[in-house]
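Next up, some structures in structure tokens.
Heads up, the next two complexes both have subunit A, just with different partners, subunit B and then subunit C.
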Partner chain A sequence: MATWAWAGGGAAGRALALPAALILGVAAVATAVTAFGGPGLSEELTTALVFLVIVVGLYTFVGTSGIVSFGHMAFMGVGGYSFALMTVPPHLKGLLLPELPAALRLLSVQPVVAAVVAGLVAAGFAAVVGWPLMRLSPLAAAIALFAVLNIVFVVATQAYGITRGQEGMTGVPASTSEWTALGWAAVAIAAAYAFQTSRVGLRLRCAREDELAAQAIGIGVVLERFVALLVSAFIIGVGGALFAGLLQVVSPGAFYIDMTFTTIAMLVVGGMRSLSGAVLGTALVFAVQEVLRSLENGFDVGPLSVTSLPGLDLLGVAALGLLVLMARPSGVTGGRELL
Partner chain B sequence: MNAPPQVSEALVGQGITVQFDGLRALSDVDLVLNPREILGLIGPNGAGKTTLVNVLSGYVKPTRGRVLLEGRDVTGTTPSTRVRKGLARSFQGTRLFRALTVLENVEAGVLATGVGRSQARGRALSLLARFGLEGRVKQRAGLLPAGDQRRLGVARALAVEPRFLLLDEPAAGLNEVESGELVDTIRTIRDEFGCAILVIDHDMRVIMPLCERIQALSFGRTIAIAAPEAIRSDPAVIAAYLGSQEEGVR
Partner chain C sequence: MISLQAIVDAVSLGGLYALAALGVALIFGVMRLINFAHGGLIMLSAYGLWLWSAYPVPLTILLTVGVAVVAALAMERVAFRPVRNADMSTLLVASFFVSSLLQNGWIGVYGSLGKSVSVFPGLLDRFDVAGLSIYRLDLVTLGTTAVLLATCSLVLTRTLIGLQIRAASENFVAARLLGVRADRVIPAAFAMSGVLAAPVAILLVARTGYVYPGIGLTPVLIAFLATVIGGMGNLLGAVAAGFVLGSLTTALQSFLPEAAAAYRDAFVFGGVLLVLVWRPGGLLPTKFEAERV
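The block that comes next holds the complex of A and B.
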């Protein structure tokens, strides 16, 4: 009885320890960077926090279901464009997108509310595409989701009347400060943790481990995967809105192959089967990327002078991803939580 | 043991035939698992024992025949539907959720009964204590020693509170002491939980003391259904075991 009381009584306290530690860790790093890094690093910090929201959203699906989705940045795109359509001032929309229906043109929503609605629109889109796709086998679902990303990309480039195509939608108000991004990162971490320990999340992780054995305890898998897809699409949709509010522009290239590759690399490096891995991987890959990007324009090594190395950051991330895959396939966390 | 089977209360396989690409795994096999009984299913390798359990639990669709669960035809339903109707199984080689904790493995099963999260945890803990695994609740299931993995596999199947429990070689790989303990545990499970249990095993030291009736398969057909003592001396059973050069019937 004593052991049970221990396991039951401490459960509530321990249940909050991991998300609290992750959120506090992220907040501490963010505060330190703001205090000592100077204003120059503020934009990098905000970008890193927006990436964190997106990678945690990706983890919510990939980590719990075991399906490595190559298409989730579609939800980022949907979130980003939804946010832009709600927040670009009406007179600007009239100039940029003269064909836009009046109802959309006159729409003007507060950025905070618009970010939530953007997440909901992304989740709604996920509900439409996800219902048939979640019946597929994991590999087929991963490829089908990639097809969805390509469809969204093509629509974004060609539906000029709503998206302005390759030119991108400008005039998005600057609405993503580092504190907004930090707040959403905390929400994303808390939501991902709540989901993975929920009834549906636990049963989905069982199916991830062994689908046949999961069926033997009544897990049908399709519904569980569908719920995970909606939760992750919402978080990533919000991430897309934050990204738009940071860059003040939404364009098709922003949520396509590079973004897919970078976010998956972050998840792989950290360890895609734990929330701690998603957080650590984002920090690690982002840091490496920033260092390499600063070297891209040339640097000196003693007497040697390297002039210019465009693409060094992507190369570095690829190398880091390969290294981790070969030396420690389940990521730096080994797929475990830190607590 | 000769009580007439009440089909409306039992798990019944009627005329089960399974054909895999020209290979006939099962030919017209009948099986009745009565409420609260322990039935043994024996036979040499390739006799069709696991295929029969797969048909009963919904993992393999029979080419012909039907499966009745307490009188309802469940032949076309999925494994998870059958779990909700009171039928659970374990697997050869356990198939645990290896990266999850021991507690999570059982908790996920209890959730199938429709209870809430905290109640599921409580029930999982008491079930684990029942199997002597209370000291291991926080460990990853994949890291347990073999004996504990077997017991966890049975505990997880039992977590869904079945009225019919199918155990596929629960004692495989266990030593004599461990398999003796498992026999005791399975018997008390039946007494405490009141469920019927079907046990597949090669090891006559497990089957003989445990089962009230034994059904023997060979080459996909039933060759005998009888009480343990009668099975031991059944000429067809002896011939099947000797013919396959398996360990003899002890």
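The block that comes next holds the complex of A and C.
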């Protein structure tokens, strides 16, 4: 089949073409923004790349299993707080959280290592709460995961001695540069692709299309869903750590409803059944959001002067998401991969 | 007599949750949509209360119910009808978007800060019956819940449209084949859910005296959980589960030690998860769950 054996790579080359193209595309955009966008855009770029990590993580579960989880930002929260507990300098932790056990207080880990550990903690948390939930019907699982998010939110708000509650955990060292975020985005895309083309990933996608038929040919579904949950919780946990390292603070509001809403919108707009959709959707929705956010503080329409419109970005994203659901339910990619 | 007091509290809160759960379960029955935007209806009604609190009480209540019904019908027509045949996940996401649209639309116009409202100040008075000190509000909540649940059950069992709603909940395709019009039952169910959303808002605001954009979130989450553990598509199950969750919340409130009381809602959600682990189809599973290999 010489037609698709491009660059002489044969089947192996084809297998790597999609993740390579996506990673190179993201890297090219990132480089272009850094080169021409000026210093003002660097923080936006980093934020976009962190969103990309989180949305790709979300895709790993939602896209492959078909369960639209409303609770995955819980893993972002767990990752974020774990990262903060590991990286906030000990003397500062002693001031902020005097009740913290000495072992945790004295803990000081390099941000790169801490991000990986944060991902592992999130995956561990997912393993404990997620296993029983994977037996539920997709819709019930979506609601149950939403309950998990709410539990994490309540704990994060109330456990002042560990999380500083609503005030948020400050003093996280600035550790997420655009290049760290880009590196992790590449890892996330590669991992998501490796998972979706793996044996377990293929079985899960088969069950997504028709659960009964899948069960009839011996796919148990529960185990496959569970593996997807662990992979996605790890990626999102890392995303939470990156977010913490970017904002230098972790607070309960950062991984609750608005974050859930934004990431799901990114997935839906791009097309939640393809990795390309997750990447494109993140870029598209993020761009729309940035434009609307710049209008939020007031703008002129001819003679009319609009003074301020808080919430305009989320409003616009909600409208965009609804329009996509109506006009093109499977997203701009139509649920297909680009290559 | 603490136990009797606790029972009054439990039934009062349970009634509130049951109303919210019934509103969500009705919509789930007719179109398999878990309506996240039900929280948006509660929010709109609550703000209606704030906007119109200067009017005479009956008029305020009428307007509040009206705004919820109109909003429910509008969201059905504009947002949900075009995606009616999509799968359940798509519907859920659509309702999530509608909810965000309502909430952020409101924030855009009136800002994100909460407003304090004192609609029915007399409701927070207490009075003594047989050694029991009861809030008037608890009695009003009980009465409202009883009347609304009774009315709903009459409408569902004794009227043509109610019969059609129940038929559609049982099997939508078969109901349509027998002449039930989708464009009638679905809006009817939405209108009913609007009627049920408004009293939840009124009773909540009377309880807290405070209106904020996220006011519908907790009730809708409880309603979701109630529909799931009640057995999806089971109206009676949802109402019963609403009462169970209300009782559980009240029980935790009085029995949890001081330090753990702040985590009350986390315990409630955790309890629901345990129920689901034990019975994945809910306590009263329906045929909806019956597909097996």
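Here, the second predicted complex is superposed on the first by the 330 of 339 C-alpha atoms of A that agree within 3 Å, B and C clash if a C-alpha of one lies under 4 Å from a C-alpha of the other, contacts with A are read in each partner's own complex, and residues count from 1 in each chain.
The rule we apply is simple: contacts are C-beta pairs under 8 Å (C-beta built on N, C-alpha and C of every residue); 3 or more make two chains touch, one makes a residue touch a chain.
As the structure is a computational prediction, the values presented were derived from the model and not from experiment.
Touch criterion met: A:215 reaches subunit B and subunit C at once. Touch criterion met: A:206 reaches subunit B, while subunit C stays clear of it.
Counting the residues of subunit A that each partner touches, subunit B and subunit C differ, and the larger count belongs to C. Residue contacts after overlaying the shared chain place A:273 against subunit B, while subunit C stays out of touching range. In the superposed model, A:335 lies in contact with subunit B only, and not with subunit C.
Contacts of A:292 after superposition: neither subunit B nor subunit C is touched.
Where the contact sets of subunit A with subunit B and with subunit C meet, they give residues 212, 215-216. Residues of subunit A touching subunit B in their complex: 3-4, 7-8, 11, 198-199, 202-203, 205-206, 209-210, 212-220, 273, 335.
Those residues of subunit C lying in contact with subunit A across their complex are 34, 79, 82-83, 86, 88-90, 92-94, 96-98, 100-101, 103-105, 107-108, 111-112, 214, 217, 221, 224-225, 228, 232, 262-263, 265-266, 269-270, 272-273, 276-277, 280-282, 289, 291, 293. Partner subunit C is touched in their complex by these residues of subunit A: 66-68, 70, 129, 132-133, 135-140, 142-144, 146-148, 150-151, 154-155, 158, 212, 215-216, 257, 261, 264-265, 268, 309-312, 314-315, 317-319, 321-322, 325-326, 329. Residues 57-59, 78-80, 83-84, 88-91, 95-100, 103-105, 107-109, 111-112, 117, 121-122, 125-126, 129, 134-135, 137-138, 156-157, 159-160 of subunit B are the ones that touch subunit A when the two sit in their complex.
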